[in-house]
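Once you scroll down, you'll see the structures, which are given as structure tokens.
After this come two complexes, each holding chain A, first together with chain B and then together with chain C.
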Partner chain A sequence: MTSEQNFEGVAIPVIAIGTALLLFSLFCAGVGASPGGVLASIYTAGFGSWYAWQNSLLRAAPLMLCGLATALPAQAGVITVGNEGAFVVGGLAAAAAGLATTSGPPLLCLAAMFLAGAVVGGAWIMLAAGLQYYRGVNAVISSLLLNYIGIALLLQLVEGPMRDPDSLNFPATFPLPLSHQLGRIPGTRIHYGLVFGVVACLLGWFLLERTVWGMKLKIAGGNARAAKLVGLPLGRIVLTAGFLGGACAGLAGMVEVAAIHGRASQAISAGYGYVGILVAFLSRQSPLRILVVSLILGAVLASGGSLQRTHDLPDATINVFEGLAFLSILASEALAGRLGFLTALFKPVSTEVADAKL
Partner chain B sequence: MHGPARVEAICIGKTFGPVRALEGVNLTVPSGTFHAIVGENGAGKSTLAKCLLGFYRPDEGEVRLDGVPVSTPAEARRAGLGMVFQHFTLAPSLTVAENLVLARTDLPAILNWKKEKERLRTFLEHAPFQINLEDRVEHLAAGQKQKVEILKQLYLETRVLILDEPTSVLTPAEADEVMTVLNALVRKEALSVILITHKLREVMAFADDVTVLRRGRWVASCSVGSTSIPEISSLMVGNAPLREQSARTDMTAGGAVLEIQNLSVLGDHGLPAVKDLSLTLKAGEILGIAGVSGNGQRELVQAIGGQRDIASGEVRVAGKPFHGTRADIRECGVFTLPEEPLQNATVPGMSVAQNIALRTFDQAPTAKLGFLLDRGAIRRAATAAVERFSIRTPSIDTPIRNLSGGNVQRAVLARDLGARPPKIMVVANPCFGLDFAATGFVHNQLVELRNGGGSVLLVSEDLDELMKIADRIVVMSDGRIAHESTRAELDLAVVGRYMGGHE
Partner chain C sequence: MQSSDSLGNLGILVAIAGGALRGSIPYIYVSLGECLTEKSGRINLGMEGILLMGAMTAFAVSDQSGSPWLGLLAAAFVGGLFGLLLAGITELPGVNDVAAGIAMIIFGSGLAFFFGKQFVAPMAPQLPVIDFGQGIANAGVHAALRISPLFVLGIAVAFLMHFAFERTRWGLHLRAVGDAPDAARSMGIAVRRHRVVATTIGAALAGIGGSHLTLYFPGIWSEGISGGQGLMAVALVIFARWSPLRCLAASLLFGGAQALGPSLQSAGISGFYHVFNASPYLLTLVLMVLSCSRTRRLDGIPGSLARRG
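For the complex of A and B:
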């Protein structure tokens, strides 16, 4: 990664978030709340205390995994938004695998859930990536539609074949025994899903920046024609990137089942997959930045209830912020390559040659 | 306002980052003259043209048209400055008439085609040449397209026409025709012409005056009558030492190494671009493929390089089918370098160093333990390549898209001909956009590859280049091999006719 891209990778999200905050403040003022007060509440609810930090970290964990789900295929040149679908089918598969192995030791059961979630989630996004590479179907569209299919599949199964007859008004699968659920990091309320998320981001970074395979992936994403010219197996690279991305989302679904709900139900589709798309774009598809952005958005998500209590704002206010952030980040993509004037401010001599014809 | 205008560029300076593209350049084109600007690539010709047109705002100096300063594209357009680019700016799916009308900037919201066509016909009665207004542009030959571009400028009542290498996509005969038209227009006092070119023969035959630029500076201006091709060439190059030309060792070509058998390839629109083409490249030879661009050369090179599917037929290397996989490329030692390398052979957003490593990053020493990337090794290899191939870049970490065309070309050549040269090199227009010294350098590399027993398939639109280094030349026309001759028995007139598809 070049210094110019690094600079843009930080400057563009900062500009986007700044714009989103400004628009959000206008919105708050519009509905009669003090913008400063609302922003202060978001901060307090996200980072104001150790308790608040734990709330934020709990929400950051699935966001990290879901961010990677878009970022890894995007690095290979395939934009997918199927995170929610992969999350849900991953959770569903994990629940099935977990329930099938409850007779075994907890660690084995969790390993089975881990594998099932990752493989099924991976296959889900690989399908979208493969449809684009081999059949020319736009992966944004196909993965978006796969979300609906994934959620429908979840509802079908938890209301039908996998339903626990005791779950009366709220259909769900049989619960996992507490002993076979994913535990908490000692001394905290935070489950081990956070470790999965952090490790996945670090691994993702290592894979992309430090390995031969990561370079192949980035060549494929940077210019497919050049990748073909040097004989890289484009199809295999695209499918693998799709699989790894989907596996992360599926893993997030597994964590949601194994650590939060203890069973699969409609409740596991809580929108982390969709917010993951926002995380990936805010991070400009970089795994390390996903770590930071997930924490920030985790804090924003954690503050929803607090806004309701202290400012009498609806719970959905946070969705307004998310929407504004998404709009800003998409609009700010237009700034890529045009921040030369800012670079000049920070570095006395710009290293850009622009389009000087030497 | 009609008729030609006088153009003055006074002490123009333009800087891009650390690069001084133009410095104190003066240019005076008296009204109704034909002025040529020559210089090596990177001399600042195109930058100067863009300053004249207001696309670039010069850091220093001023552009005046008939004494009135011009500084924005809109002002330049109003003042009557127009440009014809090297590549066509016509909409291929529209007719000539539609292209001409749509070029107008003052179009009403609702077009009255009857009125517009009436106007066009009146205009054409006085035009220097005739063209069928209802022909679709995509069905026109390259020379005719360039004429439509000129017609468009006349229709827009351009008073000063700037042309940037307008003949590089034309056959020699077509180029002469276009130049003759321009010359006649100047003689009729219809406009002033500024021609940017590197073809000194055209300058001598058609221009009144010539200005020589070198490395962003004005070197000389004189009337064409008072100078000569050798004099202009030496002014363009300055006292830069020309590389010694590698001697071509006499060698008889060996057995076939690359065989193309009945190859058919579809073009971008699904129509056959390469048609049942067979060709054999032997060991120790440079086989040149001449032809006007757009006759299937691009698709042929892409098919060999694995960038385009083969519809039928086969490419065989050393007797075995070649599919362009990484293993094939490495075992057979076949590197392909298509034209427009930034789009086709690099990852524009990646650094110069990473792009130079594109063929070797997955092997030792850049790959450790088979999977770890040694970024130090990549940087060391890149530093050596930058040095050896004189790539001008702010640093090896600069994204390659920030380099000029000539330096991108050097970088990909450094990658392909550098540390581990191939046995067979398939290369398209490798010297496009390079200066004399670099062109000589590339030619030497290719000749040395051949002298060492390697083979080169050289696709080029530059006949001079082919005549200089190729052992055998075939002409490609309409997706087929139309003509073949050895270096010794080459007849330029015959080759030109085949290139034009006239035989």
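For the complex of A and C:
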């Protein structure tokens, strides 16, 4: 990595976030709120206290897993958007596995849920990745379709065969006993889903950056033809990357069921999957960046309610902020390789720079 | 004597058909708009945000100005602005249209909910309806034949778009841009301009679709008003295999069927209601798997969509 790329790695996000803050400030001023006050409230509600940190971390956990769901297959060259579907069927499978094993000890029950969620979610994205590799079906399209199929499956089973007759107005499966739900990290309100998310990101980073398999995967993603020429098992790599990504989304669904709702219902499809796609792109499909982006985004999401209380602004204010931030960060990708004039400003003119330009 | 009884079952059928027509309108506009966008080789996943923005804008303008037609125009205009923004961003080098589309969902729904919060008016002035059933005594049949002008306009747009794709130079160029951008560029076609225009008009259509949600009975604005229709219509275009006329048919079939959920449930189909709703997507997936291979691709798919990834 050259110093120019290093400079861009810092400068581009700074420019993008600066633009987003400026646009959002203009928006706030336009609707008669104090931009500084609103931004300060967002910060306070996200990171201002241990209580706020816990809120942010709780929301970051599913984003980490859903971000990986897009990032891992993308590293192997397959773009999928099936996170929401994999999340939902993972949660559904986890609920089914959990309800079938409630007679056993809690740890066994949770292990069954973990496995069921990961395997079913993994199979879901592996299907889309495999269809692209073996049949040439665009994985964006097939995984988008799989989202609706997954959600329909959830609704059908929750309102039909898996329905708890007592859930009258809001159909849901039978609840898991409290003893068999995913607990909280001692001394906090944060459930163990956060541990899953952080470990998954670290494992993802380790796999991609520190193992031979990760190198093969990135070669496959970078140049499929070259990968084939050097004899890499391209199909197996694509399928595995799809499975691992989907397993993360399925696991996020399992956490949603096992730690938050205690049962599967329509409520588990809350859109984390779709936000996860954005997390992956904003992180440029890198697991460590996903960790950071998820945390920041979790903090932003956590601050929605506080704007209502302190500034009398609708909850949706935070979505406007998010939207502006996403759009300017995505647009800032275009700056890559175009900041030469800035580099010159920040570095003393030397022969090195002159050489680089030749 | 012609009484309501003698119409009997026929009357119920007509009433059901009327409901289907109403329910299909947002789907018609969003799927046609998406079809136009995808023909140019881009995916606009942000239709849900644009639909909501259209719905809120139409309501707000109709409420403030007293003219639903002005509301309709404003919805189309705002939809077009969003399309232009999306197209502008995705034309930048290195920007992925899938990610930008999802950002548009969040931005569009955020803005719609933000400004929509203030419009507490219970009802805005609504678009007039065209009464095809004048003089029919049966109340149910008469109600069913009171058709929104947007439905008639939607059919016209579908045929116009079909004609434009098949019979005009612009349509040919647009399809070339979507099928093989490099070849189109070498022929001197302005690739970027075609994509931007298609995405903008497509989003304006989605804005009109949104206006139907708030300018037709019951004519109220709420945050749950779109119910994910903007997202589903994107998948419907794939089911319709990128043909405007098939988009129209698919919207009538599935938009209508969803609108009829309650009556279907009373007819005993409730057991498989959700599976039925997902059937177009399942069917499309199966169709794609069967008709694609490493060397062949889905009939009708714009080339630059088939080759991605």
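The rule we apply is simple: the second predicted complex is superposed on the first by the 320 of 358 C-alpha atoms of A that agree within 3 Å, B and C clash if a C-alpha of one lies under 4 Å from a C-alpha of the other, contacts with A are read in each partner's own complex, and residues count from 1 in each chain.
We adopt the following convention: a residue touches a chain if its C-beta (ideal position, glycine included) is under 8 Å from a C-beta of that chain, and two chains touch if they have at least 3 such contacts.
As the structure is a computational prediction, the values presented were derived from the model and not from experiment.
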Contacts of A:Leu178 with chain B and chain C, given as first, second, both or neither: neither
Partner touching more residues of chain A, whether chain B or chain C: C
Partner chain in contact with A:Trp213 - chain B first, chain C second, else both or neither: first
Partner chain in contact with A:Arg135 - chain B first, chain C second, else both or neither: second
Which superposed partner A:Leu145 touches (first chain B, second chain C, both, neither): second
First (chain B), second (chain C), both or neither touched by A:Leu107: neither
Partner chain in contact with A:Leu232 - chain B first, chain C second, else both or neither: first
A:Leu168 touches, of chain B and chain C: first, second, both or neither? neither
Where chain A meets both chain C and chain B, residue numbers: none
Touch list for chain B against partner chain A, complex: 16-19, 21, 41-42, 44, 46-47, 305-307, 324-330, 336, 338, 343-351, 354, 357-359, 361-362, 367, 370-373, 375, 392-395, 397-399, 402-407
Chain A-facing residues of chain C, complex: 43, 45, 49, 85, 89, 92-96, 98-100, 102-114, 117, 232, 234-235, 238, 271-275, 277-278, 281-282, 284-285, 288-289, 292-298, 301, 305-306, 308-309
Residues of chain A touching chain C in the complex: 31, 77-79, 81, 131-132, 134-142, 144-146, 148-149, 151-153, 155-156, 159-160, 274-275, 277-278, 281-282, 313-324, 326-327, 330-331, 333-334, 336
Touching residues (chain side chain A, partner chain B) in the complex: 2-5, 209-216, 218-219, 222-223, 225-226, 228-233, 349-358
